[in-house]
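Once you scroll down, you'll see the structures, which are given as structure tokens.
What follows is a pair of complexes built around chain A, which joins chain B in one and chain C in the other.
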Partner chain A sequence: MNEELLNTLSRIVANATPLVIASLGETITERAGVINLSLNGSIVMAAMVGFAAALVSDNLIVGMIAAMVAGAVIALIIALASIELRQDQVAVGFVLTLLAADLAQFLGQDYTRIPGPQVPNWPVPVLDQIPIIGPIFFDHNILVYFSYALAIGIWFWLFRTRPGMAHRAVGERPEAAFARGTNVHRLRYLYTTIGGALVGLAGAAYSLHFKPGWSTPPSMQGDGWIALVIVIFGGWHPFRVVLGAYLFAALRAVSSDIQKNGLIVLGQTIEFNFVLLNALPWLLLIVTLVLVSTGTIERLLQIMPRPLQKRMRSVLRSDSPKALGTRFEVD
Partner chain B sequence: MNITLKNIHKSFGRVHANNNINVTLTEGQIVGVLGENGAGKSTLMKILSGFQPADSGEIWIDDQFVSYDGPEAAIGRGIGMLQQDPLDVGAFTVLENFVYGRSGGILPRWSQAEQELNRYVRDFGFELDPTLWIEQLSIAQRQQLEIVRLFALGVKVLILDEPTTGISADQKAILFDALRRLAHDDKLIVLLVSHKLEDVIDLCDSVIVLRAGERVGDMMMPDSATITPEQISATKTHLVELMFGQEMALHERSLATLGETVMSLDDLHMRSKRLDISGVRLSIRAGEIIGLAGLDGSGQELFMRAACGLAPVHSGHIRLGERDLTGKPYRHFMQTGVIFGAAGRLEEGLIAGLTLTEHLALVESTAGAIHWPRMVDETNARIAHYNVRGQANSRIEQLSGGNQQRMLMALLPENPRVLILEQPTRGLDVDSSRWIWQQLLERRQRGAAILFSSPELDELVAYSDRILVFYAGRIYEIPDVAGITIDRLGHLIGGEFNG
Partner chain C sequence: MCKQSPIWQIVFGVLPVFLAVLIAAMLVIAVDRDPVEVVTNIWEGAFRNTKSFAGVLNFWIPLTLVCVGLTVTFRSGLWNIGIEGQILIGAMFASWGALYIQLPEALAPLQIAIEIALGILGGMLWAGIAGALKVWLGVHEIFGGMALNSIASVWGIYLISGPWYPEGGSAQQSAPFSKVALLPGISDDWPVSLLALVLTVMALIIVPLILNRTRWGLQLKATGKNQRSALLLGVPINTVAMSSFLVCGGLAGIAGAYRTLFTYGSFRPLASGGIGFLGLLVVLLASTRTLWIPVITFLFAAILSGSTRLRVAMQLDASLAQVLQSTLVLLFLLVGGLRQRFEARSATPVEPEAAQPPVQTRAGGEVIAP
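Moving on to the complex of A and B:
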């Protein structure tokens, strides 16, 4: 396989990692029935906090933990406002996303454009020697490996464990969860906070790993919205969410390559307005939503052989958790 | 296990939903809980099953005072409730639903649980594939799963809230067999909350009746194996008397004189994602009432909507008098006097957040500015005439279900040509239903034709001149309703068109 292609693929995996972590965090939150719409602001804030903390303490771990705390606090505000104060999750999340992004720029003024620590590369021994797979997936840093483990861990948790069933039930039908002795509010607090902490870690992944440093305007501005969209594209399933994040990063890589070199087809350079490429991910999302809402996926499932049907259903299903964004009250 | 409820009180605001209720339940019995809407049946059952705490009163199990908080704790005490809409998780498989709520380690033992589930399912004579998703099941199957689940959790008291709504005659027979087995062999207490007197008489050993929050009487049921039709009808009359405090004559069929054809459907063909209804020929005459029977999703919903322009017609013609309205939007039908009333009162019929006056303004005013003082006067007049408990400036969702239905009736035009009504008495008690029918029959006397759907077989038989039975998009017409038994109709609804 040619060296350049391997490099590109490896870069796509690295670049996608913050998106993977953020959208997996949001998946955890939304599976519990809470929408954390503050992602865009949370990521920017956590990126700033993470970078500043790592810089001041000269310790990457401290930076990451600080970023996670920042993300968790914002998520906790949403959970509190929704559960305790009975406010609309969407409204609160929207306000927080604007607030956090602007606040981060204000608080981060002293840290712009200075070199800081960066998560070191650490190829996994043995695994990085596997042809093709090795250089693409196992020649990265610890955050990238963490994102793999996270996806597998969430899948196992949600679909194979007893507490994972309660987690999904709280997002699907809290009344049923309540009737089975699950404490709906406690779990919503828990998973919203954990999800928020992961979003915070995603912020740190921007400022400490991918495009390290802090600048105004922040380079990761806008990616929070993309992460929210990836969760929808991914049908709230961790593996599809990861796939969505990689696809998005790939589209971005293609787009930036075309910006640099122009679009070359069969040796001919084609005049092309590359700004249009930025719209591609959204187009992809619309196509996905159309496929889902017209029942195409349901029909696709029905023509599959039965054993396969059962396996594929949880992956291909794309309905949002039924109780997403709603409040639960015991009567 | 025996259960005694002592001096149970529960109030919601000024409404005394349960007023000093005392009940003793003995194991091995199937007990019916009867009462009109708002009599306090559901409240009492929710208290017993832990979904709601009582304001005061005690629950004793086998001569021991117990107190528990929440449905799971109630199940721990052996008391489980099957809700009308079973409390399961749609995105789970049958097996996951069975396992969820049972104690155990982080990793459930799936194969062991599956064997256990299959054993119970077989014992009950049910059919449930553990790998199917809840979303793919019918209501009856979801009930079966819930019964199996609660039984496996070791409940000794099983409460069922309106379990026969939306299930076929065959499914009902399977359910009743299972319930009899639970009570008579496994010595459970089975409590059946129902509006359907036939079901209660058929299944229950005894009945307690609530009225306005108080227990007003109880009655032993005759043995269902040897019961005669006369006994059934006498028992029914007695129960209605207990529920309403007075004897109510059952509705006498009145034959209206049929006028000319007002609406004709010619070789109509409708399609939805799941259904295909073709070759529908029907002419509806003024003053005629046509009942549409069938389980939910059998095609009657699609048919009714297509007949008034709310769903697309694939081919064929809809004519109103001389006018061909095929493919025209509902607005055109409405202008011709074809009015549709949806089953979902608050979903489709009424608009939550709007006041009664605003609702009237929506249907009455044609264009331009609304003359509000006049609209308020008109609303008050309708409120008085239709006996709606509410004010002109109340928001619609503040009214009770029965009053919302009355308001819907008040919003209908006085002289429609064709009324197409989806489950016009859904969720209403006998008294409110009768009132609704009074209003409808008055309009019929003035020449309106009525098409209505209903899950209640006796309602269909009582009011229809003709009945169309829908099953999976096929239609069977019963031209002479007087000659049909409820039993036969039940089988037709289950798709047994031949025989």
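Moving on to the complex of A and C:
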């Protein structure tokens, strides 16, 4: 395999990491039936807080923890407003998106465009020697490895453990979970906060690793919305969510590559204004949602041979948690 | 029993404002500036003289148009987050008219009418795409709208970096429009477009009348309250959703045309400048009380216009204005929830209706998912 392709693939994995962590965090939250629509603002806020904390304390761990706290607090406000104050999750989440981004810009005005600490690269011993897989997946920093562990951990938790079943039940049928003695509200608080903390870590991943430093307007603008769509594309399943994040990152890598080097098809250089390529991720986003919602996938399943159908269904279908975005009243 | 005493009503009304101002003041202190100085600067920036007051109106006009449009989509239970893109495409279409249609000076009114019509068309086109995605393809309007916003912005950047790249200019804006193509101001002391002012006031009067007095308005309301029962009662919910998108997009298009034909005088890819999102905040704040919209937009426009001074006068980031505004809306929602809890406790059993949030979202807690 040639060196350049390996580099590109490795870069895609690195660049996708903040998206992976954010969408996995949101998956946890939405599986419990709560929508955290504030992702776009939360990420910006956490990126700023994480960068500032790491810079002031000169300690990366402090920065990451501060970012996670920022994300968790924002998520907690949504849970509180929805559960205690009976407010609409979408409305509160939307307001928080704007508020968090503007607040980050205001409070972070003294930290813009200055160099700060960066998460160092740490190739995994032994594993990075595996041909092809080693350089692509195991020549990164600790955040990237954490994202792998996170995906596997969430999958195991949701589908292989008893508390994970309660977690899903709270998002699917809160009444049934309640009847079985589950404290629906407590679990929703818990998972919304954990999900928010992960979104915060994703923010730190931007400012401490992927696009080091902090600037206004922030360079990760818009990624929160993409992460929200990746969760839908991933059918609320951790592995597919990761795949979706890599797909978006790959598309970005290709389009930035074309912007840098020009597009050559069959030896012909194709001329056009490459600025337009920036619209590609958003077009893919729309196409993704159309495919998921129009039942194209269902129809695709039906024309498959029967033995394949059952297996593919669990891989391809995309059903939202039934109680997503709704309130649960005990009475 | 059910009604609170007037004292509590005032407390619940004033509390969010008080808290929001307090939080903003603490933020200003946190960055080592004097809050009183900030207030004086914003006041000076907004109401120093007739010109600065005209500056406030320059924000008030597009913001109010956008808000009036958004009351229509909210009434039918739709979150038109794509409003930013609709403003921008409106601005883009109006700019196309200004750049490529050159009527003689005698026909200036016709020129402007064509430009505004193009703006409306652009806004409707972009809203129509969001509507079509929602109605026929089941793409939730929040995500579809957000994607369309970004695509509109990429398109705008493409135009000024390519086809509309000005001779010898920077890739920040298109070439300035000719004088005939611009909306005229009232006078040098009052740089405000009378036509836009009249259009805005008309929209403020006519749209609520249509919403409250016509069959279409009732259909919107029925769809927004409960889509399923509306369908069972024979309301064509798809047509209703689509038409409310189009009306909102048209109004956003006028706002965009105003920004580009008056405020800037050239096309900029940031022509919408967050006014659409601010409009969503205003409508959340006003919820069903549409009469408050011009008042809130005036207040927000004054803060927005006044705060542009902060950077020069105090080296403060002007985002303080947006922070104050969104904090206010957040606290308003939270205090509104507190108030409902308070009412539920002090009153005889509440009707389920009273427990609904003040924000009109789709009935039955619609899920953000296809």
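Assume the second predicted complex is superposed on the first by the 287 of 331 C-alpha atoms of A that agree within 3 Å, B and C clash if a C-alpha of one lies under 4 Å from a C-alpha of the other, contacts with A are read in each partner's own complex, and residues count from 1 in each chain.
The rule we apply is simple: a contact is a pair of C-beta atoms (placed from the backbone, for glycine too) under 8 Å apart; a residue touches a chain by one contact, two chains touch by 3 or more.
Since the model is a prediction, treat every value here as computed from it, not as a measurement.
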item	value
First (chain B), second (chain C), both or neither touched by A:Gln109	second
Residue contacts on chain A - larger count, chain B or chain C	C
Which superposed partner A:Ala91 touches (first chain B, second chain C, both, neither)	second
Which superposed partner A:Ile35 touches (first chain B, second chain C, both, neither)	second
Which of chain B and chain C A:Gly222 touches, first, second, both or neither	second
Which of chain B and chain C A:Arg327 touches, first, second, both or neither	second
Footprint overlap on chain A, where chain B in one structure and chain C in the other make contact	322
Touching residues (chain side chain B, partner chain A) in the complex	51-52, 70-73, 87-92, 96, 99-101, 104-108, 131, 133, 273
Sites on chain A touched by chain C in the complex	35, 37, 77, 81, 84-88, 90-92, 94-96, 98-99, 102-103, 105-107, 109-110, 216, 222, 225, 228-229, 232, 273, 275-276, 278-279, 282-283, 285-286, 289-290, 292-294, 318, 320, 322, 324-327
Residues of chain C touching chain A in the complex	27, 30-31, 79, 81, 133, 137-140, 142-144, 146-148, 150-151, 154-155, 157-158, 161-162, 277, 280-281, 284, 316-317, 319-320, 322-323, 326-327, 329-330, 333-334, 336-338, 340-341, 355, 357, 359, 361, 365-370
Residue numbers on chain A that touch chain B, as the complex places them	160-163, 165-166, 168-169, 172-173, 175-181, 295, 310, 313, 317, 319, 321-322, 331
